[in-house]
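Each of the next two complexes has chain A plus one more chain, namely chain B in the first and chain C in the second.
Right, the complex of A and B next:
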């Protein structure tokens, strides 16, 4: 699936990523007992990001998941671990494309996406690393829903 | 009010059942309890701090509660919870898994309308609408909710039993080069690739092509 993020075009195997997440969603989300906090969706909703800021927000979020989330999500369940690493690999290649686009100045960060991403990092840092990473992984469908909403 | 001592077994299998984003909370009665059990329900938006009571589902004896109105924003995710009461005792609150209306709903088959000439049939498909509070509320087709929505269409020649399958993105299909005076039956399904959502196939709509001029 090709995503048009401003001037950037990123192809992602969304069906595989979705299938991988669906297979582990219940297990991952059941490890996140904190219902009153969200990393991605509160207080700011991803769905309110302006289209001009979508590319930068996607780049920051993919970097966030690659650098801060997947590596802290090892579990004792090898099935879950395999699915996580498969999703991580898909994110790695998407992040590489977004980085190239960013370096070509086609993925500029506006004030809004900078502010929103700062809030996401604050939400993340408000929890201990493992809880924050597991909660972020459990919210992957929020990111995927946002990506797909207006391809 | 003083909290009762909660020794009643818990409601079981607490979950959302959703069709076209009509989101209804269902559960089974606590094990070993006969009639007379009452329930109350609350729900929460994931990431927001408070539970919200559902007054219409307070002290009810049925084992479902329609939370469609409360969960109609499909950009949010939700939890719901049920507590049982019987003879001055109660159960614990029992929560659903996190509910994402966008990925956790089921979709009805499309509506199918068929017309024919002597050598072709024309099929028009209509995706179901998202649940809405009242008939006056503006309709939202699931086609708008799922931009990648497609239709799988099956066409059966009743005489030869030969069947064709088509996968289309727009909602009309003309099947040419058919035999005059022959019955054809059409059935259709909705397919969304991501998130992966497939409706069942619609019932069959049969039509006979006109006889040769």
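Right, the complex of A and C next:
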């Protein structure tokens, strides 16, 4: 599928990521002890990000998941671990494409998206790392829905 | 552990986005040797301390082949490894040399059958899984310069291509395309069928 993220046009196969997440979503969300808080949507929804900032935000969020989230989500459940690996490696592949566009300076990081991403990091750092990673993984569909809106 | 030899001749067979790890059996007279397989994607190598993930369907298996399709689900470089197990004894791991990326899969032309149903040109295509799209080319014999194309993102068993002129012969060929790896197969052999009836009937 082709995603129009600000100045960037990036082809990514979200189907496999979505399928992998759907297969483990209930198990992951059941491990999220803090239901009153959101990492991605607090205080403002991703959907408020201006379209010109979408490429920058997408690159930052994919980097956030690759660098900070997946590695702290290892469980004792082999099936869950395999699906997390599938998602993580797909994110790595997708981020490579986002980075190419980002590096061609087509991605402008506006003040709003910079502020929004800082808020996401603050939400993440506000919890212990395992809870924060598991909650972020449990919110993956929020990111996927936001990305799908860019098609 | 060194008493139990590690599996040899480990290799990956990959056709049409189906991937299998195979290895030679470890022969121990009078004993049943079992095997366990693990995989490592680029993510695990670069971001998760080089960790390995077991494939439960191929843990303590007596088979010498493992279907790794479900786990090779991103277009990145993977490594696979297998070891032999006999009771509490385990061999060293045998690891694939180099990396495997699903973009390396071999793509075969689709199986197709052209059908003339009265004046209708139909094509039957074998389903090859969700990763596959089909590009079908069809033309009236003798008019090779006026080839038409239909791209099928999902396969239903029979697809209507065109309405044919009475008695004329039409030809069809197809190739697959896998968007996830951005590659296409070669074309299938061309098949031609003739439409029912003859031209005089239409001249009345």
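Everything below uses one rule, namely that the second predicted complex is superposed on the first by the 150 of 151 C-alpha atoms of A that agree within 3 Å, B and C clash if a C-alpha of one lies under 4 Å from a C-alpha of the other, contacts with A are read in each partner's own complex, and residues count from 1 in each chain.
Keep this in mind: contacts are C-beta pairs under 8 Å (C-beta built on N, C-alpha and C of every residue); 3 or more make two chains touch, one makes a residue touch a chain.
This one's a predicted model, so the numbers in the text were calculated from it and none came from an experiment.
Visitor: Applying the document's definition of touch, where does A:15 land relative to chain B and chain C: first, second, both, or neither?
Guide: Both: A:15 reaches chain B and chain C.
Visitor: One more residue to check, A:66. First (chain B), second (chain C), both or neither?
Guide: After superposition on chain A, A:66 lies in contact with chain C alone.
Visitor: Under the stated touch criterion, which partner chain does A:148 make contact with: chain B (first), chain C (second), both, or neither?
Guide: first
Visitor: In the superposed arrangement, does A:138 touch chain B (first), chain C (second), both or neither?
Guide: After superposition on chain A, A:138 lies in contact with chain B alone.
Visitor: Who does A:41 touch here: chain B (first), chain C (second), both, or neither?
Guide: first
Visitor: Output check: A:29 vs chain B and chain C. Expected answer is one of first, second, both, neither. What do you get?
Guide: So A:29 only meets chain B here.
Visitor: Take the contacts of chain A with chain B and those with chain C, and give the residues found in both.
Guide: The overlap between the chain B and chain C interfaces on chain A comprises residues 15.
Visitor: Which positions of chain B touch chain A when the two form their complex?
Guide: 44, 46-50, 75-77, 79, 95, 97-98, 100, 102-103, 147-148, 193-196
Visitor: Which of the residues in chain A end up touching chain B in this complex?
Guide: Those in contact with chain B are residues 1, 14-15, 18-19, 22, 26, 29-30, 35-38, 41-42, 45, 47, 138, 141-142, 144-145, 148-151.
Visitor: Would you tell me which residues of chain C are touching chain A in their complex?
Guide: Residue positions touching the partner: 39, 41-44, 46-48, 51, 53-56, 70-71, 73-76, 78, 130, 179-180, 182.
Visitor: Which part of chain A faces chain C closely enough to touch in the complex?
Guide: Interface residues on chain A, with respect to chain C: 11, 13, 15-16, 20, 66-67, 70-71, 74, 78-79, 81-82, 85-86, 88-93.
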